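Naming follows writing order (A, B, C and D), and every chain is counted from residue 1.
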Amino acid sequence: MPELSEPMVVNGISIDDSFAEAFPMSGTAIQITAVNEKWALQAATTMTGFATSVIACGCEGGIERLLSPDETRDGRPGVRVLFFGFDPGGLEKQVTTRLGQCILTCPTAACYADLDTEQSIDLGSAIRYFADGWQISKKFEDKHFWRMPVMEGEFLCEAKTGVTGDGVGGGNLLLMARTVDQALRASEAAVAAMRNVRDVIMPFPGGIVRSGSKVGGKYKGMMASTNDAYCPTLKGVTDSALGPEIGSVLEIVIDGLTADAVSNAMRAGMKAVVDLGPEEGALRIGAGNYGGNLGPHHFHLKELAP
Amino acid sequence: MTGLTFRKKAEPEQRLDLSGLTAGRLAGLSASEIAALAIGTTRETVRVGDMFDLSGDDPASIRFEGGSERFDRVGEAMETGEIIVDGDAGVRLGRAMTGGRITVTGSVGGYAGSVMGGGVIDIRGDAGERLGAPLAGERSGMEGGTIKVGGKAGARAADRMRRGTISVAGDAGPDAGSRMIAGTLIVGGRAAGTPGRLMKRGTLILAGGAERFAPTFLDNGPADLLILKVMARSFSAGEVGSVPFEDMAMRRLGGDTAVLGLGEIFLPL
Amino acid sequence: MDIAWIDGKPATREDALQAAAGLIGKSRQPLIAGLRTDVAGLRTAFDLARRCGGVVDHCDSDAVYPLVTALRDSGAFLGAPAEMRRRADKILIVGDRALETGGDLVRWVVEGEPDLGVRTRASKRGIMAIGSNGAASLEGADVTRIACEADDLIDLLGLLRAQLAGHRLGKGPVAEEELGRIAEFLKHAGFGCVIFAPEELGELGTEQLLGLVSDLNAETRFSTVPILAVPDAFGAALYATWSSGYPLRVNLGTEVVQHDPALYAASRQLVGGETDLTIWIDALEGEGNAPASSATSIVLSCEPPSSGDAPAVAFAVAKPGRDHDGVLYEPRFGSFVPVSASSGGEGAASDLPTVATLLEDLTAELGAVAKAA
Amino acid sequence: MLTRLKNGHVVDPANDRDAVGDLFVKDGVVVAPPPSGTAADEEIDCSGLVVMAGAIDIHSHIAGGHVNTARLLLPEYHQAFQARPGLTSLSKVGWTTEETGLRYAEMGFTTVVEPAMAPTAALHAHLELADTPIIDKATLVVLGNDDLLMTMIREGESESAIADYVAWTVSSSRALGVKCINAGGSAAFKENVRKFDFDDVVPDYGVSSRQIVKTLQKAVGDLGIPHPLHVHCNNLGVPGDSSDSIEATIRAAEGDPLHLAHIQFYGYGTEGKRRFSSRGQQLAELVNAAPEVTVDIGQVMFGQTVTISSDELRQFAGRGQASPKKSVIFDHEANGGGVVPMNYKEKSFFNALQWAIGLELFLLIENPAQVFFTTDHPNGAPFTTYPDIFALLMDRGVRQRWLDALPKAVAKMTTLGEIEREYTLNEIATMTRAAPARLLGTTDRGHLGEGAVADIAIYRPGEDKTAMFGKAAYVLKDGELVVKDGSVVKRRYGRALTLRPEADKAMKSRLDRYFDEKYGIPARWLEVPEHAIGRTDPFKVVPCRS
């Protein structure tokens, strides 16, 4: 547990002298378009389902933002989706499996690369054989597409997309409030603000996780277990990090394509929480870490505070 | 440094091999050394200085003031830099080039862009036969880059093409896209002969229709395909510029089933 | 009898040689063409071309280029006519030109029955002709004729390839059942042979036909006998290939030999106006296909000079196989054969120089001119 | 005119000479040292140089229909066709007869044997050879897939009748020996047979490869043809089957001379996960134990080349691997054949192991008079790669450097790295001069004794053996200086070495009838008359053994 020395107070909200400890991840981005926003979102939502934590889901993924027709490759409404994994290989496996099950299958959806890096992972190249020999490779203007005849028409998918090793997983904020309602209001305000930041996703439901965890547990084989120091009902029976005023804690986890993107998201989130004030939202902002020895990225709350 | 200019003195009596006049091959040569380069193709020696007045000193930017259909092999195997021909050029313009840009304000002879691997060729007038095509025996034609023709193209444009884009604003001579392996040929006008004969893969977009097709092409019906939209947008934003099939309703033919049969021809619906 | 002319007027051989050497000496880009001669003549023609930096082509290389091009672009199966004659149990004749231009050769190949091979010997030779009106001339042979316009032959060959590969195909120039009949005929060959004229099918058509034969060899044995309207053009192409690296249409005026099938075709050279002197060699049977040209010309011919525009210099030369021994390309053999001077008959011409000796003398004269200069 | 080659290191294993001294040449032949005090008309200072007889290549496809088809098929590899400055190993050879002669001469080769001349292509081959400057040439005529021979065996005709047929073929085609290529295999392929072993029989004839090889071996021996039957075995290049075939063929020599061509292509086993392994060591042991057998290697080197073979069955099978993807397959009388381009890649496990197997054979076959220096030009590599191969044979360090550049998996599959042997100059001279002359029966060459034709190659020795053998310091052909400092200084034409075994008159009329009745062509089309060559004195007759 971090030392809670000298909190700073902004707008009546206490900000821990702590930091979010985050890890390098492989990250990638794609663009999903469809005939309208509804179907683009449908494809993206389906593809990013069950992608909250890399430990159990194989990857972490989420919708970065909606794209206007001006921003997409084919002039249709679209969605930018990010995925993160431990390594490019594992990430590729997850992305291509999801691509095959969720985009290939989705009416009118098309899929394009949306990250320009030296290294790449397969998109269409991995699933082209579904077309049973009828797949068409199309290269022009330095781009490579696969076209796959499907019952609806033709599924268009870029061959590859970029992948970065500079991705960061595990940026976080702990929002501590008197009540569940206040914690949730603060969290929603933070997530809404963070969604305006580029190159990040908050992979948990609605961007928020209530079951923050610590590493390991008393039962054999548990890689993570409930973060008892922040569980309000365990105050007194465990080595709690919570004072008597805190009745509920929610966490926002952030994955970004760069460390800067994660900083920006945390900064935006903290500002939203601070602006909301202690009456409406959180009394205190903290962050999860492991003492600083495990993850190379340390996002200090005080430096990001508004 | 100013661009290197070759001003034509008179119409050459013999065909000239100008393949030596590229940025890579002229780098480090003085004006007098350049003037002494042999460019003849007959027993009678012709040197650069006999045919051209030279000015400027930067071979990365070359201009021929005055062209000729006897100026052969302009920009052959060039890797970088720019060549502008004010007028016509002869055969094998930009053959095997891998980068850079060639602009010809007039028309060019056969085999322009033959087996080119990259770069841009912009021909404002007409192109001769076998645009982008291989020379005898070579297994693939154009392998990358962009060719743009403002006028019409001769027979067998894009023969054995493997990659890249050719866009011809006017008509195409007989049998465009023959033996295509991949890549894209766009024809704004009408295609003569039997386009796509023996094509294995690749895309022919014939916005002005065609004379006839082999029976080993099969009609796939109307094709409102996203790829056409993506291509049109992508080309418009790049070297190719606006394309005739943008927003055009098209029909797709697949073939040539005499061979692999995975090629496609798009026609106005 | 006159043996040399300058500007159409009889001249001595020496004067004519001197005049010719003078013209060559002044020429920027001579074209050495026609090339209708024996191997010794070809050799000296190339020696002369190297000496004077000429462009070399045969007057009828158009007749062989579709084959040359298709072969070097995509490969080929080629059969020796004499072997096909003994072995082929199924012969497919494609188009009209093969019989028109090489009727004797075609008849020679298809006559009789195969006598080699367990798979072929037992069956009577089957002949099918598509798009060949001339097939009626194959007397005595049992020929199945299938009508097809010449323009549609390439399509038909393509349909056959698609059908044999199990690909889809559209409606073509022959009815579906006809197509099926041809396909069955081909598939059931023990050893099949396709006879065709590359000239009629063109480059792409020849490639299509050779592709069909290649496809057929996946399951059975098949080869081809291309019929070339002017066989000595093929002989010249073979000679040019070993001598210069390329099958004619070469420019020997530069440091390394240049080859360009379009640019250095004799017809293009003359039209393009870059050639300023033509050395035309025409010492074989039949008329050489000389394109009209304004270039000054030196002519070596085994026929008396025709009336009309007289060449600047002309020589009468002997004809190999009539006036002297030599080596010629023989289409029945698919290679070069020795020929002997025929006895009697037109023996009067036998005092004439061969192309080889005349060109040797001309080359020597060039040396003398150069020395004098 | 007397020429003195002064003070050179003369390496002449045929005459047990390996020391510094003079050599005298007069009227195109090597002569005894003149009495002291006689002044030479011309002197070449050979101090510090190595003097050898001109080299002899016993197996190099340099002329004929198939070679010309390769030129026709691959214009894109001619140097003039390349976008500058691109060059491939093929463009370095050049494609023409002219370049062939010049490049060979520059390396000090003065006699080259075209080993696969079909009787029907004899005139064509000789016409090309006549246009090949400087070097002397010879040909081996191909029999063993021809209707007549197989019919004669089937009908049980006498050995003398068969020998007469062979004599007529050798004589009329102006050959120096007889080659047998996948005996019966091409004929069987015409019957749609796609695999043919040594004891398989040709449909319709009922004769096996073994019978054909043994019959021809006997006829060649009986006729006194100096060069033993030159055999290209069955199943070339097929892992496992190739080495079985060559083993069976070696055992079938049965004590009589037999030459096996390009054996590298038969040193292939099926071990390892890629089902491709070296049987170089086993094959070398077989050869070492069979002194009546001679072999040449057919070394593979990396780069673009083209395979040219009258083994039609094999070439048909190999066309799938053609690179570039095009090939020509011939169905001719008798053998036919195929031209299939090939690009041997250093990075390819298979190609790299082929390279290693060739060198294993070179180094593990003990007697340099039993193994000959070939790449089976251009099948394994163009002949212009010879200087590199000399360096590989003579320098273990060079071998190791090449080996280090290959895929790691290759090193595990070859013993090449452990082989210490380095060829000496004397062994090189044996393999490329003395032994080939003995093998071909051309006693006037391959050595520097009195009376030998003055075909002499003089090299500038050095650490870099590639440089040494790539450009000879001087080459004399028939006593005339033709190469200086690696460049040709004098063009002239050599001759074709031929045999003229006498065939029975009855055989000649029988063949006239046979070709007329069966093929509808005159037998004289298969004859090479002297006038056809168009050079003065084009042939030199080598005597048969009595």
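General observations
As a convention for this text, contacts are C-beta pairs under 8 Å (C-beta built on N, C-alpha and C of every residue); 3 or more make two chains touch, one makes a residue touch a chain.
Note that the coordinates shown come from a computational prediction; the quantities given were computed from them, not determined experimentally.
Innermost chain of the displayed assembly, by C-alpha centre distance to the whole-protein C-alpha centre, is B.
Mean C-alpha positions place chain C and chain D at a centre distance of 33 Å.
The distance from the centre of chain A to the centre of chain D, with each centre set as the mean of the Cα atoms, comes to 70 Å. Inter-chain spacing, taken between the CA centroids of chain A and chain B, is 48 Å. With touch defined as above, residues shared between interfaces to two or more other chains in chain B number as follows: 135-137. Residue positions of chain C with contacts to 2 or more other chains are 72-73, 258-259. Counting partner chains per residue, chain D shows two or more touched chains at residues 73-75, 81, 326. Pairwise chain contacts present here: A-B, B-C, B-D, C-D [touch as defined].
For chain B in complex with chain A, the touching residues are 163-165, 182-184, 201, 203, 224-227, 229-231, 233-235, 238, 240, 262, 264.
Note for the complex: chain B touches chain C at residues 13-15, 17, 40-44, 70, 72, 91, 110-111, 129, 134-137, 175, 178-179, 194, 197-198, 214-219, 256-259, 261. Touching chain D in their complex are the following residues of chain C: 39-40, 43, 68, 71-80, 82-87, 108, 115-119, 121, 190-191, 217, 220-221, 223, 237-239, 241-247, 256-259, 325-327, 330, 332-338, 356. Interface residues of chain D facing chain B in the complex, by the touch rule stated above, are 73-76, 81, 83-84, 324-326. Chain D makes touch with chain C in their complex at residues 63, 65, 67-68, 71-75, 78-81, 94-98, 120-121, 123-124, 127-128, 131, 147, 189-192, 203-204, 316, 319, 322, 326-333, 336, 518-521, 524-525, 527-529, 531-532, 534.
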